[in-house]
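Notes to accompany the following structure.
Letters are used for the chains, namely A, B, C, D, E and F, taken in the order the chains are written, and counting of residues starts over at 1 for each.
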Amino acid sequence: MINQINADSKLVTLIARIEKTILSTGNNGSNYLILNLVDMSGRIEARLWNSTDKDSEELKNGEIVKIEAATNVYRQQLQLKVNSYEIIKEEDFAKHDIKEEMFSISAPINVDNNYEKLIDFIESIKNDIYRTLTLSIIKQYEVEFKTYPAAVSIHHNVIGGLFWHSYSLLMGAKAIKDVYKYAEIDWELVYCGAILHDIGKVIEMDGKNASEYTDEGRLLGHISIGNTFVSNKAIELGYKDSREVLKLQHVILSSHGKNEYGSPVEPNLIEGVIISSLDAMDARIYKINDELAKVEKGAWTGRILSEEGRSYLNHYDKKESN
Amino acid sequence: MINQINADSKLVTLIARIEKTILSTGNNGSNYLILNLVDMSGRIEARLWNSTDKDSEELKNGEIVKIEAATNVYRQQLQLKVNSYEIIKEEDFAKHDIKEEMFSISAPINVDNNYEKLIDFIESIKNDIYRTLTLSIIKQYEVEFKTYPAAVSIHHNVIGGLFWHSYSLLMGAKAIKDVYKYAEIDWELVYCGAILHDIGKVIEMDGKNASEYTDEGRLLGHISIGNTFVSNKAIELGYKDSREVLKLQHVILSSHGKNEYGSPVEPNLIEGVIISSLDAMDARIYKINDELAKVEKGAWTGRILSEEGRSYLNHYDKKESN
Amino acid sequence: MINQINADSKLVTLIARIEKTILSTGNNGSNYLILNLVDMSGRIEARLWNSTDKDSEELKNGEIVKIEAATNVYRQQLQLKVNSYEIIKEEDFAKHDIKEEMFSISAPINVDNNYEKLIDFIESIKNDIYRTLTLSIIKQYEVEFKTYPAAVSIHHNVIGGLFWHSYSLLMGAKAIKDVYKYAEIDWELVYCGAILHDIGKVIEMDGKNASEYTDEGRLLGHISIGNTFVSNKAIELGYKDSREVLKLQHVILSSHGKNEYGSPVEPNLIEGVIISSLDAMDARIYKINDELAKVEKGAWTGRILSEEGRSYLNHYDKKESN
Amino acid sequence: MINQINADSKLVTLIARIEKTILSTGNNGSNYLILNLVDMSGRIEARLWNSTDKDSEELKNGEIVKIEAATNVYRQQLQLKVNSYEIIKEEDFAKHDIKEEMFSISAPINVDNNYEKLIDFIESIKNDIYRTLTLSIIKQYEVEFKTYPAAVSIHHNVIGGLFWHSYSLLMGAKAIKDVYKYAEIDWELVYCGAILHDIGKVIEMDGKNASEYTDEGRLLGHISIGNTFVSNKAIELGYKDSREVLKLQHVILSSHGKNEYGSPVEPNLIEGVIISSLDAMDARIYKINDELAKVEKGAWTGRILSEEGRSYLNHYDKKESN
Amino acid sequence: MINQINADSKLVTLIARIEKTILSTGNNGSNYLILNLVDMSGRIEARLWNSTDKDSEELKNGEIVKIEAATNVYRQQLQLKVNSYEIIKEEDFAKHDIKEEMFSISAPINVDNNYEKLIDFIESIKNDIYRTLTLSIIKQYEVEFKTYPAAVSIHHNVIGGLFWHSYSLLMGAKAIKDVYKYAEIDWELVYCGAILHDIGKVIEMDGKNASEYTDEGRLLGHISIGNTFVSNKAIELGYKDSREVLKLQHVILSSHGKNEYGSPVEPNLIEGVIISSLDAMDARIYKINDELAKVEKGAWTGRILSEEGRSYLNHYDKKESN
Amino acid sequence: MINQINADSKLVTLIARIEKTILSTGNNGSNYLILNLVDMSGRIEARLWNSTDKDSEELKNGEIVKIEAATNVYRQQLQLKVNSYEIIKEEDFAKHDIKEEMFSISAPINVDNNYEKLIDFIESIKNDIYRTLTLSIIKQYEVEFKTYPAAVSIHHNVIGGLFWHSYSLLMGAKAIKDVYKYAEIDWELVYCGAILHDIGKVIEMDGKNASEYTDEGRLLGHISIGNTFVSNKAIELGYKDSREVLKLQHVILSSHGKNEYGSPVEPNLIEGVIISSLDAMDARIYKINDELAKVEKGAWTGRILSEEGRSYLNHYDKKESN
């Protein structure tokens, strides 16, 4: 598996899924293929030098490929140099003792169990409109909500990442409620907003193994898609002119916190401030932790784009400290 | 009428509508009222010094008031100092020989005639989805579209201003089409986008004499409201998954041109670039021309907020030059 | 008490502390005094028109004053117009049945109890250096830490505000720990950073009833003051070259999150990201809630400077909803 | 011709002009040359691998070269890999049946005809100073004005591009005049400003096949060069202290709209707002359309630098739609 | 004299020049005049309450006025309340024993002497073109250059301020030359650039007692005016195509250092970096020192606009320290 | 020596120190090493193609290496292609007739002499606290202060660069004192601030041949390190509560001039404005001059990152002009 490969591996045999293939031209004029490979344990980049047209045709996004490769360290990142490869068709999975689900990273939580808990939680919400709207939207997109990633690369880019991220926000919101009992906060609005704030991603992303955004996603954005989900569903359910619908729409629209980050309106409800704060913090913790995991203790991560190029120091090891 | 009052008027008698009343406390501790007055010829500010609670109760937004006042020039702007006043109730309009429509500024175009032309134009659009969507949305909000202003204060803040601004964009787009015949531009998308880009203002503003935005307007913004109009109508008409719907939504969402100006997505269609460029230019020309009209030739306007505080020089008089 | 005064009060008698006196000149050329008054129930602004030099001399910051005043509403904020006043000296407190502590707003938590809990918590921290440093700094500034506000006006500007804010961060951090158990986070660093991040304010503010920053505060800033606290204490305790000292310094220095917000370094440890995120969220919730409390349900707050001028809608009433 | 080459061409023979040669070192340590080639039908990049010093000497900017090359697709852009080449000297043009004008892209309008129309139009301007100044400056730089590009790469980078862009602005301004007949606008100032706003580029660019800016262009900028053209010419013609000269200078100086875009003054005349709006829109439409032409319908352009990195979707085909 | 008035003065008699009169309306509805007064010792603001039209007519910019007034302290700034006044016409100056030059603040250096030194210095410059251009421009505008202020309010707003500021830059440049002898710097270009960088202000300002900018100044800006001075003079002297002219133009155009500060080009010569650095530092030192002089030792200045609102602490007294 | 190598050198033999080695993978899949080489005359980049693991092990940062190499010009920068190499161990230095100090660039001033002058100057400062603090801090870090560079790459990145830069600031400050004798400036504070403003770099950098920042440097920054130096030393010397300590800390903390450049406080003392102005100018002159030296007269430098990407024109040659 990918996470077992290290700089000392020298020659490895690996079966993995191609997340993305990029055809490139070397500075010597010959072509090569960059293969972003993934299995359930992690991701790694492989390169096939001096590739032919036939290679390009065979090594397509989504294929399961078995490669013989040499390890290589480039800018402190492990890479593979492909010596030979073989595409494994679905009909031969049994022969190789593999299954499709072995080739995607999944959120490290039990999505099905937690989804049940989420539904139970929504059903316990007292406000009829919040509860009914949230429940019916989530149920309509249940499959996508449970499997899609939360982003192509910025954060939670794993199967179930969208659910994981949304559920983390809900857990975070519930956790801090006690700290702010002095304040007038409509926590049910916070909770439903946390659950729904990114729901538009079920249209914005192109599938559970999303490696690109859809045209609809690029032209509308998940914020506006989510907003029309609520608007359309409210009409369907006869809630059109209710204030609760308006508030739910607002906390989705304002969830990026600022116009410049893509929110058409900035928070004007205190609940929107809480949602956008938790959203940003959750995405940042995921991403930084993910990058820290790629370097050794004592080393610095590469420049993280979503952190305005900052690097972070890996200074701590949970196991060591316990 | 308001536009006949000048610094030499000394004492004037005026019947006007109160657009907005602001209660304030003078530095001597007594209250006074700032009255924003309007009639069909223009706007003027009046102040009632040492006002009582009874004055505050009577001089409410929307009332028609007859005042005796002295003129005053403050920071190069004409003001009125109210000596006495009388509220004129609707039942007494006849007695004073006045009609409601005498107390609002209207767009200087024949809205009804031009609306007919607009409908004819929309009906001539070849693309079925663009045509049907645009037509049915405009017709659904016909009354508001024809009477609402385009903004509370930034631009086209007159009765019919929303129509006037939208129609100007359409006229501008049609005018420049020939200059860009070399380019691949979907002009029907430009036209429908120009017509619909601000349609959400029929919910965002609080009426044809709008002096404030509605809560719904502040929490959602006209861009997102307009987007749901298209989305809802597309479902109603059975166009849900069509690319044309997507494109119309995009040019509405991107009509402010940049995230920081409140567009959740920035233009990714060339048609969106044209609409947002014409939109900005049209609003700026209106506003600057409006401010220039307030000062004499050779003088500078006050700092215009929507122009990042720039002042403009009144250097030209059409009549003089002909 | 101040929170019992409302627009219908007409004439009121009030004993309060003068937080700040501002001498101003009215547009009629006479002087007047703006008095920011406070008692344990809230704050209110009063004005003494046509004030004399003697008034200015008597009505100084910090004095306890008894006033007869008329209520007035100015821009939706209640004000008082002082008709007569009397300074109450400390020796006469008993006569008026008042005590000093009746004239300051306090954090709505039991600071002493919670301080004990905080000390217990610190003592439970396993890392020797974190624990010892945090404990000895907090104990050195115990009095100020327990009584000072967290800011002059932006947030938690009440007696005990600094403790309240720091303790809220700690509570928030402990609350979300479970959500992020997948990540490699040194929670003891987060906790000690949360406790110490604003400790420099004990020098930056000029007292528990702080109405201004000290010169030292303005020239150094609480971030750099807090940093030297740790540095000096580490030398004193013989920890000078330890990595833990370095990390504690870093999370204090980076607690504003960005250079432009006054942090000399931006977070490079994941713990700094958590502290700065919770810090910003806590201050925002306090401030917005505070402003919402000043307006009725259904109304909008004034423009909040620390929220980049945004207004917030008071849409929710906890009591109503239960 | 270049626009006939496609991914299926495999091996091609091409005669083209070298717009720019860049010497580079491959990651294997050997040199190679990047050749930006152009003929009247388009542009293409070619690479000569393992180049020698002799290659560098021969393949200079401006040379006409005949190459045998293989096609290659790199990041969705067609490239050529040069197998062999031969420089064609001017004396051999006849032998190859080629002429110099076959190796530049020209504006897709008849520059000579339209130039005549422009001159006629200028001569019809009523204001003596506007007319005389504009006419004499344009005539002084007639050759450059008719042949220079409008920019090295941002927009209208073709022979006659400067004229094309300036003329488009004039056409656009004339087209929208009717929409703004309600406003006090000195249209003759708009027209002359549109014609002259980029005239400084005749010094800023290094020729009609400009591949670089001149030192004078980089040190002064076309805005300041154009400003001195007017100033110098006004002295020459005895108009030194006229207000019209001042206004013409202003609309040139403010034509970039904002200080940060290189205008030393921001618009303070309404005419400057119109010119800078049309200027930006015209350049953007050219550039986006140009990039859209490089990708197939349904595909997205690469990131466009002058559009702040945005990509655009090619969604429309004029021919299809008619 | 103005600088002898203090808070204890109570009633004063003062003869001063009116720099600027602002008519305002008090919150009690009556008018009042704000008079910015100046004599050779300083500036002070006076207010005439309940002013009449006759007062407005008499108290015009530029008049010499004798007032009886009471002192008043407003926001820590001394003000005067005018009880009575009398305009003193030029023919009565002798009677009051006053002269025009008693009513302007002058730069605290001997302008005439230093101007002679400056001319001598320019004449010693070796480069013919730098020397001749600088000399002939300075001589052409000698009177204005020696008397105009450097700005209306930002810095050096005194008679001779333009000369003082330009000369300070030259002195500063000469002083640091030795520190940078390791670098390749064309010091004669630095010197001439320092002398000429603000010369356009002789057109931009409206006189030696400038209280406003001219229309020409607002529409062109001193940077572009200065640039045309050099361009025009170069043509006159036959230097048109010389590189020295180009360089002089560049250091003037780039003297504000950045596009956003109004420079159409940013420095591309090391000499431009030195000039813009010294320019900014000189203006800042003047302004901050000027504001520090208005407050006592130990106090903070008001917010200084040109310092992005920062206040400065008056902490030092030269005399004390010697 | 490095500065004797030029494009015509073809084959060279060079002994140099490896400042930094970067392992990279070529697009043909094989590894290569980028070697940043330095000797006392300058810096040059060399590449070893097709490098092995053994090469990587031998060619480490800090080693002295003798190479046989071919010259190559890449993007107008000279490069070397290593044909063979040999590591020279310290024990063999004599054999090759080399000494360690031959492999570092040193500041072009006599550091030891000037350090003596600096100490003498500090000792002449009248204010006891300024003098004693500055002297004892400088002496404590004498070795580092005299040898460390001022930055890894931005400016003064040579042995003794920190001293050179600090001393230049002091020289500059002393030079301009006379120009500002009209102002109330505490020059002794300026001088000590100039000397100490970057002292924290003795911890921030990793040695006199610094090619990286230390962890402590990255987590605290030199500004905060320098601040604690003063704070700690003040406690040690018993100056804890003195105003002078506060002022010294302030000018160090504010030396970057703005929050966004990493100063936790912006200047609030006029002396801080002078220090930050001189600091920025000194660093810019060094860097621009350094880049200009890499290109020929008449050519432009590459884009300089610290100059926001601007290029500079090499237009002047001191020798030529004398």
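Throughout what follows, contacts are C-beta pairs under 8 Å (C-beta built on N, C-alpha and C of every residue); 3 or more make two chains touch, one makes a residue touch a chain.
Please read all numbers here as calculations on a predicted model, not as lab measurements.
Trainee: Shared touching chains for chain A and chain D?
Mentor: Joint contacts, listed by label: B, F.
Trainee: By mean C-alpha coordinates, which chain is most distant from chain F?
Mentor: Between chain F and the rest, the longest centre separation is with B.
Trainee: Among the chains, which is located farthest from chain C on the basis of C-alpha centroids?
Mentor: D
Trainee: If more than half of the interface residue numbers appear on both sides, call it same; otherwise different. Which is it for chain A and chain B?
Mentor: The interface is built from the same residue numbers on each side, given that over half of them are used by both copies.
Trainee: Between C-E and B-D, which chain pair is linked by more C-beta pairs in contact?
Mentor: Per the contact counts, B-D leads.
Trainee: Equivalent interface to D-E, which of A-C, A-B or A-D, with over half of contact pairs matching by residue number?
Mentor: Looking at which residue pairs coincide with D-E, the repeat is A-B.
Trainee: Centroid from C-alpha atoms only, then distance chain B to chain F, rounded to Å. What do you get?
Mentor: 59
Trainee: List the centre-to-centre spacing of chain D and chain F in whole Å, with centres computed as mean CA coordinates.
Mentor: Distance between chain centres, rounded to whole Å: 43 Å.
Trainee: Between chain E and chain F, what distance separates the C-alpha centroids? Give it in angstrom.
Mentor: 39
Trainee: Residues touching two or more other chains, restricted to chain D: which are they?
Mentor: 24, 26-28, 215, 218-219, 247, 268-269, 300, 313
Trainee: Should the pattern of chain-chain touching be classed as line, ring, star, complete or other?
Mentor: Looks like something else, not a line, ring, star or complete graph.
Trainee: Which chains are in touch, pair by pair?
Mentor: Result of the pairwise touch check is A-B, A-C, A-D, A-F, B-C, B-D, B-E, C-E, C-F, D-E, D-F, E-F.
Trainee: Residue numbers of chain C touching chain B in their complex, please.
Mentor: Residues 24, 26-28, 30, 32, 47, 49-50, 72-75, 79, 81, 300, 313.
Trainee: What does chain B use to touch chain C in their complex?
Mentor: Within the complex, chain B contacts chain C at residues 23-29, 31, 215, 218-219.
Trainee: Within their complex, state which residues of chain F touch chain E.
Mentor: Result: residues 108, 168, 171-172, 175-176, 178-180, 182-186, 189, 243, 247, 266-270, 273-274, 277-278, 280-282, 284-286, 288-289, 292-293, 300, 308, 310-318, 321 of chain F touch chain E.
Trainee: Please output the residues of chain C touching chain F within their complex, sorted ascending.
Mentor: Touching chain F from chain C are residues 215-216, 218-221, 223-224, 227-228, 231-232, 235, 246-247, 249-250, 253, 259-265, 268-269.
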